[in-house]
Structures are given as structure tokens and as C-alpha cells.
Amino acid sequence: MAADTPFSHLDETGQARMVDVGDKPVTRRVAEASCRVLLSAETVARLGTLPKGDAHAVARLAGIQAAKRTAELVPLAHPLILDDVAVEIAPGDGGVRITSRVVCQARTGAEMEALTACAMAALALYDMVKAVEKGAVVTDLRLESKSGGARGDFRRRRRE
Amino acid sequence: MAADTPFSHLDETGQARMVDVGDKPVTRRVAEASCRVLLSAETVARLGTLPKGDAHAVARLAGIQAAKRTAELVPLAHPLILDDVAVEIAPGDGGVRITSRVVCQARTGAEMEALTACAMAALALYDMVKAVEKGAVVTDLRLESKSGGARGDFRRRRRE
Amino acid sequence: MAADTPFSHLDETGQARMVDVGDKPVTRRVAEASCRVLLSAETVARLGTLPKGDAHAVARLAGIQAAKRTAELVPLAHPLILDDVAVEIAPGDGGVRITSRVVCQARTGAEMEALTACAMAALALYDMVKAVEKGAVVTDLRLESKSGGARGDFRRRRRE
Amino acid sequence: MAADTPFSHLDETGQARMVDVGDKPVTRRVAEASCRVLLSAETVARLGTLPKGDAHAVARLAGIQAAKRTAELVPLAHPLILDDVAVEIAPGDGGVRITSRVVCQARTGAEMEALTACAMAALALYDMVKAVEKGAVVTDLRLESKSGGARGDFRRRRRE
Amino acid sequence: MAADTPFSHLDETGQARMVDVGDKPVTRRVAEASCRVLLSAETVARLGTLPKGDAHAVARLAGIQAAKRTAELVPLAHPLILDDVAVEIAPGDGGVRITSRVVCQARTGAEMEALTACAMAALALYDMVKAVEKGAVVTDLRLESKSGGARGDFRRRRRE
Amino acid sequence: MAADTPFSHLDETGQARMVDVGDKPVTRRVAEASCRVLLSAETVARLGTLPKGDAHAVARLAGIQAAKRTAELVPLAHPLILDDVAVEIAPGDGGVRITSRVVCQARTGAEMEALTACAMAALALYDMVKAVEKGAVVTDLRLESKSGGARGDFRRRRRE
């Protein structure tokens, strides 16, 4: 990216600001994010044998609910009316892999919502395993794709 | 850790629950967490030359404020009255390194608050650089240390 | 209703999810709900003779404010931009009767908002009379009518 | 109860107020509440055969989380630091029966928290079944017991 | 203004209510507000020499974030999806002058958001100087202008 | 006050921070604040003749509820468990005078809570009269007194 692309949330003096999105059209926006929670094989196995799946349900709900409150948590984010938030949690990649997908029809994208969903789902899961595995690590929290905005779509290349 | 250590937030049927902390004594608790936001050298350099430091201030505040609302975000977390939340942001480690330290006097620890502070500070920073560097990644979100609880202190070994 | 109507918030594996409303049109939606707070005749009479009507005002406001925050409280509910919330409180039916009416222009209905308004208005009223009548009961919390959605309007039959 | 017991939240002119609890001692308080969601036998049966139990998990979490935010929802309620919130959901009594139990160490009781937990768990459950059974009713929302306060314990007599 | 202009939030019996805005068109609305925080010349000077500008950043962010939550704070206010919130803080007028500007596309105006932004920015600034100057006063909190509504634009005359 | 009294929320580099109150004792703290809403005599008179007093009730409740959420609104404020919040509204001083009194037992004072209560009560009142009197001004928002802290009590001198 060119060195002169401006930071959108910082004015020319470096002062933080919201970005006025009033002139952008309302379009359908989709954003997907993911992260991993690194856990021992034993903890992953034990989570998998729990009879009722509540640990995953708690984490999924934490992610969905946090996505809806992103504008309260990220100071310069715009409020968005979300059409859908989906959070999936599955074993794999050295622990548990969390993915989120957020859909809205808005003047700005839902990247922050998708990332917030993953982050809080991961921390809710951490909260449930921390008595067993205090050293769990959340890693690779990142945007996977984004579509619907004026600046073109984004899709992360496969994990190198 | 022994294979029979229970998941504290899951009962014997795997059903999620809060943990009753009513019988624990009130002690001074300190928890420290950290994470990194991986950024290109160019973005780090540009953040460093901004005249007013607002980008860091926004991220620090986002972390402090999220810590205070952890019990709303992590479904089974206990409300805590925090005595102090500190968030530091510094260039390094391939981007920006974020550390948090939370202090309270309570019946349960503030790990989730420290982790939530780092996560939301990182996402607030991501929000400010995303127009320039959409592919930024938050990584190594983890508890660094914890003290004051009945189960003994915890200190992560140096990064291997 | 046919036995094969799906639970909209549960996928085929029983996993809870939000419902993607992105393909539904924005229409004007109205939802009405009601409940009763069962109180002794004496408490009802005393509430009625209070000179300034504040008890009813507190309950009405609690209902209006809770309606605006329904998406934070009901985990899988969509955020809605409400055009109007009205809550009425009147003596009758063995205590106090509470009715709500919520209007919005949205892709999904405002049933949960109308029900949440009644529930929290009732609990705010309970809070004010509980020193006098601890055994008060909230009952018959239910949707009265709903209009504007694709699946047709709903109107509860008269109380049998 | 004597006709001259005052409404604690209303002053002598009927003006609503918080009650100053500053002179009360901190004691361990427990409050239990319950309600029912009336559902058709078919809906109850279908909820019971869902493989992963998520519907109940969503409702339980909604109740736990709402309990923690009671002071935001009930205008004159005091903020409380809760030691535990438990919500149970079980088929029975013409639908689903919801019970809550809240524990804290505080200057005032947690009745409103227990009732709020039941109300919002019930509405979260309603939200999930409403596509199937729009006419579901929440009923018998009430305090079951309360202990730890200066005014003596309360236990509701068996349902008459 | 004529003596018979009704209070919009009060019905004919004086009972408070939300105003149903469902029949109003969605238009672009801009509202500007301002206030001052009266401070000693010494405190203003010291704020100005702080190297990193964080005090102003904290106050600006507090204002922006409060604006986004106005509908939670002002009981009868409508939720609004804000396109932009800007808060500026500058020395002058016997202390510090705070101005806000809020933009949205909605059925009702954003006056309350602009005023809430100024009020909370002012209090966040007060919070930071209170150890030094406890007697600071927030004054002249007022709407400066408003445009985009059906009832015509408003612009305050120059300070008399 | 001496020129070298530090800004408590700003470290030696001007970076904003919370103040660690962990070493302060828990004491009973009382803070009182006030402000005025300047209104035309006609508006004041009309508010006074409303039959049910709801306008004042709405404003009082807005103030009480905002006080409970101060730590969410003022970024560096500590969460406090409030024992009491009282807000009074009375005609006078060229409009309406609002006073608040907040009581807690805590390691830090409740000044910000008392000021936030007045500010949001004033804006709630503004919201209700704004259709009639758009130019209303909130003024003289200030701390009146503070007691219970280590640094000694504060009482504002009579209005000069």
C-alpha cells in the first residue's frame, strides 16, 4: 500500500476522529474474521467429550453479543444494525478455531464487529478452561474477508 | 496439570455455570496480560511520527474501558470493582506490543479483565490502521501473571 | 402449527444462531404485549392515592428504556431502531395491568422489544412495592398482536 | 402486612427515590425466583430432543447476564457485586420451568436480580420458540425465597 | 414561541412518552452543541504544556462514545445510527471550550447526541483536572445549531 | 492551589491513566453537585402546572440511572457501588435547579457520579422541553461539596 494512504481515523495533526460516512451509499456488507485459542490436546479432548456442548454455546453467544456492542467497545466505530452474526467454534489447529461472519446493510463495513466477535468468543472460552489451562493463548485474530464496500473486496491469502 | 482437574465453569454434566465465589476471602489481586498487533514496519513508523499520540491514547482508553465492562462481555465472569487498570502500548516485536495490568480487591481474580483490556486495545488500534493495513493480525493474547488468589500465583515463562 | 415448522434460532443440529434477516424487506412493524402484576387490593389502592404518580412513571420509563436495549438482553435478537415505544400502566385484573406497543421500520419484528418492555416495567413496579408486598407475582406476560411481517399478522384471541 | 408500612422507594409525597442502604450491614444474601413459560406439549417435546441443548444454554446465559445488569434495568435498584448466579431450566408445569438463585454479600438483597434473571431467561427462550409458537406465555414470575436481610427471611408458601 | 405549543414528550395529561417518529421522512440531520469548562488560567496553561495531549484525547473520546449511547442515557430519546460525531476542545473563554457536531440520516434530530457529547467530554476533562481544581464549573451547555428537520433549521444567535 | 500539584489522571509524560486507589481505605463518601437549566418563565410555569409531574420524574430517573453508569461514561473513573443517589428538581434561579447527592463506601469519591447525575437529569429535562424552547441552556454544573476522602472535605463557597 502506498506510503501516503492516510490513516482514516486520524486527521492531519494525528488527532483521532470518527470518519464521516454520511456520503457513502448503503450497501450489503459481509465481513469474516477468525482466531485460534491454543490449548493442550488434553483440554481439547475433554471439551469434546462434554455431553451438552455448553462451553461452545457460551463462547458462541459471547461472540454474537459482543458483535452487537462493538460501537460501545471500539471508540471510533460506527453503530451498525446487524442483519446476522454467526460464530463457529471447532477443534483444530492446535486448539480451537473460531470463525465469525457478520452481515449488515450500512454505510461502512462490519470488520470490527467480526473481529470483536472472535475476540470475545475466544476470551469466553478461555474463561471456561482457565482453571485447567491458565496458559492458553489467543492467536491469529484477523480479518479473513470483507465485501461490499466502495474500496473493493478483501480476501486474505491462505495462511502461509 | 492433572487430567481430573475440573473445568470450573462447567458442572458434571457439562452445563455452563458461574462459580460461586462467596466463600473465598477478599484479597488483593493483580493480573497482567499482553498481546501484539503485527504491523508493517512502515505503519509502525508512521504511527510513531504522529504529532499528538492520539492513536495510542484511543487504544489505551479502549482497553481501560473494556476492562471495566468485562462482566458484561464474558458471560460467566463475576463483576469486579477495579482499583486500577493500566494499559501500555509500545512499538516492538514486529508491530505494537500491548500490556495491561489490573488490580482489585475481590473474591476472584482479574485475569479476564486484563485479557479483555489487551484485546480491545488491540482492536481499537486495528480500527485506526485498517484503512492502511487491512491485514494486521492480533496475536499472542495471553495472561502474563496473576497473583493474590488461593490457588497460588502464576507467572508465564519467558516467551520460548 | 405444523410439527415440522423449524425453530428459527436453532439450526438442524440444535445449535443456536441468529437468523439472517438480510433478505427481508424493511416494513413498518408494530408489536403489542401485556402482562399483569398481581397485587393486593390494598396495595393497588395505595398506589392510586399517591399524589404524584411517580411509581407509574418509574415503571413506564423502565419499560421504555429496556425496550431500547432488547438486543443486549436477548442474545439472538437483532438490533432495531425503534420509532416509538409506549408503555401504559393501569389498575385492574387483580393488580396492575401493563401494556406496551413498539413501532419500528425494520427487517424483523419488535415482539421481543414489546415483551421486554412489559417485563421490565413489571419488575420496576415490583421493586417499588416489594417492601409492602413481597409476594407480588408477574403473570400473563405475552404477545398481544404483531403486524407488518411477511409471515402474516398475529392477534391473540380474547383471554379465555 | 400493616396498612401503614411505607413504600420504600417512594417518599411521603409519592416521589420515587433510591433507598439509602449505607447504614445497613454487609451480609450474605440469597434470593431465589422462578417463573414458567407455557408451551404446547409438542414444543416442549421438540426442545427436549434437540441434540445439543443450545436452547437451554442460551436462556440460562441470558438470565445470568441480565442478573448482572439489573441495576441498569431497574431504575431504583442498587448496584450489587454478585458472588453467584445460577439459572436452571427444566420441562414441567405445562411448559418449561425456570428457577434462579443469586448470592451476594451486600447491604441490600438480590431479589430484583433473581427476578430479572428469570424474566430474561424466559424471554430468551420465547425468542427461540416464537417462530413455532407465537402464543407462548410467561407466567408466575415471582420471588421464591430471600434470606440474609435485617427484615427477616421470606419463603413463599407452596403454590396453592 | 406560542404558549400553546405542546411539550412533545408529554401527553395531554402530562404523562411522559416517546414521540412516534414513524411518519417522518429520513433526512440528513446535523446538530452542533457547545459548552465551556471554566478553569483557572494556570490550569489551562498546564494542560497546554502537557507533551502528549492525552487529556484532550480522553475528553474527546468520552464525548464521542457518550453520543453513541445517548438513547440509553436520555430516557425518551430515540436510538439513532450516527454517521459522524466530532468533538473539539480548545482553550479559550476563561477555560476550555468544547464543541460537538453530530451527523445522522434519521427520522429525528441529533440534538441530544450533540449535547450529551459536550456534557460528557466536559465531565471527562473535569475528572482529569479535579485533583488540581475541584471548583471547576461546566457552563453554557447548549445547542448551537440544528438542520434537516421538518420544523426548520435552528441557529443560536451570537452569544449576547 | 500550588502550581506543582499533579494532575492525578496524567502521568509525568502527560499520558492519561487511571489512579490506583488500592491503598486508600474504604470510607463513607458523600458528594453533592448541582446545575441549572435556564428556561423562560412561561416554560417553567407550564412545567409546574402539569398534572402528573412526569417531566420531573423522567429527569430525576435519568440522573439516578446515569450516576450508576458513571464509570462507563467517564473513561478513567473507577466503578463504585453506590449506596444512594438522590436527585432533586425545583423551579428557581431563572429556570429549574437540579441538585444531586451520592453516597458510597469506597476507596475514592463520588464527585463524578454526582456531576453526571446532574448533567443527565438536565439533558433529560431539556429533551422534554426542546420542542417548546430549543434555546434552553444548562449552566453552573459544579460540585457543591464532597466529604469522606483523605484529602479533606470540600465545600463550595456561596455563589458569588
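Residue numbering begins at 1 within each chain, and the chains themselves are lettered A, B, C, D, E and F in the order written.
Keep this in mind: a residue touches a chain if its C-beta (ideal position, glycine included) is under 8 Å from a C-beta of that chain, and two chains touch if they have at least 3 such contacts.
From a predicted model like this one, the values you see are computed outputs, not experimental measurements.
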item: Chains touching both chain E and chain F; value: B, C
item: Far-end chain from chain D, centres as C-alpha averages; value: E
item: Euclidean distance of C-alpha centroids - chain A vs chain C, Å; value: 32
item: For chain A paired with chain F, centre-to-centre distance based on mean C-alpha positions, whole Å; value: 37
item: Whole-Å separation of chain centres (CA-atom averages), chain A against chain B; value: 16
item: Sites on chain B at which at least two other chains make contact; value: 15-16, 52-54, 57-58, 61, 65, 69, 72, 75-76, 81
item: Contact graph of the chains (line, ring, star, complete, other); value: other
item: Pairs of chains in contact (touch as defined earlier), listed by label; value: A-B, A-C, A-D, A-E, B-D, B-E, B-F, C-D, C-E, C-F, D-F, E-F
item: Residues of chain D defined as touching chain B within the complex; value: 28, 53, 57, 60-61, 64-65, 68-69, 81-86, 103-105
item: Chain F contact footprint on chain D (complex, rising order); value: 15-22, 71-72, 75-76, 78-81, 106-107
item: Chain F partner contacts - residues on chain E that touch it in the complex; value: 1, 3, 5-10, 13-16, 35, 42, 46, 50-55, 57-58, 61-62, 65-66, 69, 72-77, 111-112, 115-116, 119-120, 122-124, 126-143, 146, 154, 156
item: Chain C - residues contacting chain F, complex; value: 52-54, 57-58, 61, 65
